[in-house]
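Note that the chains are named A, B and C in the order they appear, and that numbering of residues resets to 1 at the start of each chain.
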Amino acid sequence: MVLQEKNKDAVLSVRNVAKSFTMHLRDGLVLPVVENVAFDIFPGECVVLAGPSGVGKSSILRMVYGNYAVDRGSILVRPGAGEEPRDLASGDARLVLELRRGVIGYVSQFLRAVPRVAALDVVAEPLVTRGVDRAEARDRAAHLLHRLHLPEALFSLPPATFSGGEKQRVNIARGFITDHPILLLDEPTASLDAANRDVVIGMIREKLGSGVAILGIFHDQPVRDAVATRMIDISGFSARRAA
Amino acid sequence: MSDPILSVRDLERRYASFIGCTKVSFDVWPGEVVAIVGESGSGKTTLLNCISGRLERSSGSIRYRMRDNRFPDLAELSEAERRFLMRTDWGFVHQSPAEGLRMRVSAGANVGERLMAVGERHYGRIRETASEWLQRVEISPDRIDDQPVAFSGGMRQRLQIARNLVTHPRLIFMDEPTGGLDVSVQAKVLDLLRGLVTDMSLAVVIVTHDLAVARLLSQRIIVMKNGRIVETGLTDRVLDDPRHAYTQLLVASIPES
Amino acid sequence: MTLPAYNFAYLDEQTKRMIRRAILKAIAIPGYQVPFASREMPMPYGWGTGGVQVTASILGPDDVLKVIDQGADDTTNAVSIRAFFAKTAGVATTTRTAGATVIQTRHRIPETPLKAGQILVYQVPIPEPLRFLEPRETETRVMHGLEEYGLIQVKLYEDIARHGHIATTYAYPVKIEGRYVMDPSPIPKFDNPKMRNSPALQLFGAGREKRIYALPPFTEVVSLDFEDHPFSVQRFSQPCALCNATGVYLDEVVTDDRGGRMFVCSDTDHCETRQADGHRGPGLPQTQQEDAA
């Protein structure tokens, strides 16, 4: 794969990223995960990370979100059109938080439930922290949850007691409610039924249509076929193969 | 926005030859929650007491951004200025509510005291504000004339929070705010704190040994061991990808939920 | 060998000088509690040992002393202190407010307005107004030093919350010249306005607590309150039963064991002076003249 040093139009440029885990509790055992990871993502594409499980797809997603540290390399994020890219890999916590607030959204595999907060507020929260009026944020949250067929009776309940599929729909709504230019999706449809899967496919297409760049992991073949515009095979970056 | 509200450099506190904390440097920005975690004796409470002006430091600097944008070392302030800061611009939430409340004074007066301390002299307004704050911390305004001795642990802690926030401070110190509470009560207090911190864009330095509390409330985390910072960074990164041996041990010690 | 049994006014001259220095400092910083080395006096604490030491230190041979207790010249405490100074200082004593140069008082300010040149000496049990809110003396001193008086307002707030109005009726806290909050000793709040801008010098002595404080003549004294619950004094619905005076502080006197009672001036000198001037209250037997009229 040949990549230019810096691609002007890319919203996300990953360069020479390597990641390993050092397990101090096991006498400093080093577990290499990936190395020489490099790719670009452009507005309006849905790039799918592919490869067998355990190869480091989720780790790459987490590094791009700043949730995992990188050993070396850079992760250049362009905050907006025409703006200088910022290196999330070498940036401090505040840069990561700033990019998460305005640029990079993330839908994880599991909802990390906050005790006692109603589903509607869990979904509305990203908007509220961006300064949207709470009532308006709730309206938009309710709209998304309706679209994902979450029973209205659940809106006012905390998601901790919801089923896996219900939790995941709350999680998706929370991730999709903002207009981040980059969206990271880690198997968002894993525990959904066919009808809701189709809703999510529709939502992803709308995001792409409005120029959002999506980087995702989809084990679900029909979803992948429906939304992917490009695949990146992660096996090529695996550090364990070389090890 | 781009200037820290609190800046700590090379802070050290010794108890004779014993080190309470040393070589501690960090910044806190407005609207940010920073958690200090570590086991008992790691120096986290010593650190909190030093930066909140409750304990004298041995060396190092602690600067605070005043409302007029001055950035003095706390040691440069007169005692009057320091105490004024403590009851207006700062808050301190103790683990034990009895330390932070007047147990034999009504809930309304507990909340109203800071208002009266800054010159409010209208009983009706004080009472109205106190009543609003009781509701905000989910205490029925009917209880406004009851003394905290008649309150449950969770209510006392929520009252302590209201008492601290009534003057709209900018920086709050918290020492294990949910430490003495039952798990179900803890969740309510945490949820309340989380909402208030966001709504009021408070800067918070919170000491806790509970990593779940740190994850729920803080954006950044400082891990301490033997009086020193061993690891610091984004809270979810430090907890999901801990690099220091001690942090890995801490994280590995949490039972899976 | 004949030695005088006592130095003039009981205290030795060194002690008086020490107390006078404390008094001068107290006058210089109105409302500020000056510590002094309180002496053992030949009477129990609570009987006015602070006031007695202040009086002993300011008394001269030409002074005329009046002593009142709850407004009365004839109660045990007043009589014994008056006798004490008559014996140890040989000064003239009086019960007439207007004729006294030094008036030692427990719990009242005379109704007759004080004049320039008079000194009112208060006996003080607890000089610290913040005591029952903040028990640490170290802390209350800092609070005075830094003018942190939110706490005293808390006390008044609690009064209103519990009783619907400020229920503190005596030892009502005052602020002196916009600076120090002071306990005026347990005088009724009725007397608080008399402290303000008084032409007389007012001295406060607390013997057990070893504190002296003062209000120089014409000092601003403000009773603390809330904007919507302003300070007000007690009002009495009827005049004094003996001298028919209104606008004075009345004591309730039980007259028999069948619920009979009457309200009379707490200031006995004021009451007697008025009666001598011909004022008669409804509690006195009606005279022939009045019957005729």
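One rule holds for everything that comes next: a residue touches a chain if its C-beta (ideal position, glycine included) is under 8 Å from a C-beta of that chain, and two chains touch if they have at least 3 such contacts.
This one's a predicted model, so the numbers in the text were calculated from it and none came from an experiment.
K.L.:
For this assembly, give the contact graph shape among line, ring, star, complete and other.
P.N.:
Basically the chains just string along in a line.
K.L.:
So which chain ends up closest to the centre of the protein, judged by Cα positions averaged per chain?
P.N.:
That would be B.
K.L.:
Distance-wise, how many Å sit between the C-alpha centres of subunit A and subunit C, to the nearest whole number?
P.N.:
Centre-to-centre distance between subunit A and subunit C: 78 Å.
K.L.:
Compute the distance, rounded to whole Å, between the mean C-alpha positions of subunit B and subunit C.
P.N.:
47
K.L.:
Once you find the CA centre of subunit A and the CA centre of subunit B, what distance in Å lies between them?
P.N.:
Computed from C-alpha means, the inter-chain centre distance equals 32 Å.
K.L.:
Which positions in subunit A touch two or more other chains at once?
P.N.:
Not one residue of subunit A touches more than one other chain, so the list is empty.
K.L.:
Can you name the residues of subunit A that touch subunit B in the complex?
P.N.:
For this pair, the touching residues of subunit A are 21-25, 62, 66-69, 92-94, 96-97, 114-117, 128-129.
K.L.:
Would you tell me which residues of subunit B are touching subunit C in their complex?
P.N.:
79-80, 83, 87, 102, 105-106, 108-109, 112-118, 121-124, 126-127, 144-145
K.L.:
Would you mind writing out the residues of subunit C in touch with subunit B in their complex?
P.N.:
For subunit C paired with subunit B, touching residues are 133, 142, 146-151, 153-154, 157-158, 160-162, 225-229.
K.L.:
Quick one: in the complex, what on subunit B touches subunit A?
P.N.:
By the definition above, subunit B touches subunit A via 29, 187-188, 190-191, 194, 198, 216, 219-220, 233-234, 236-237, 240-241, 243-245, 248-249, 252.
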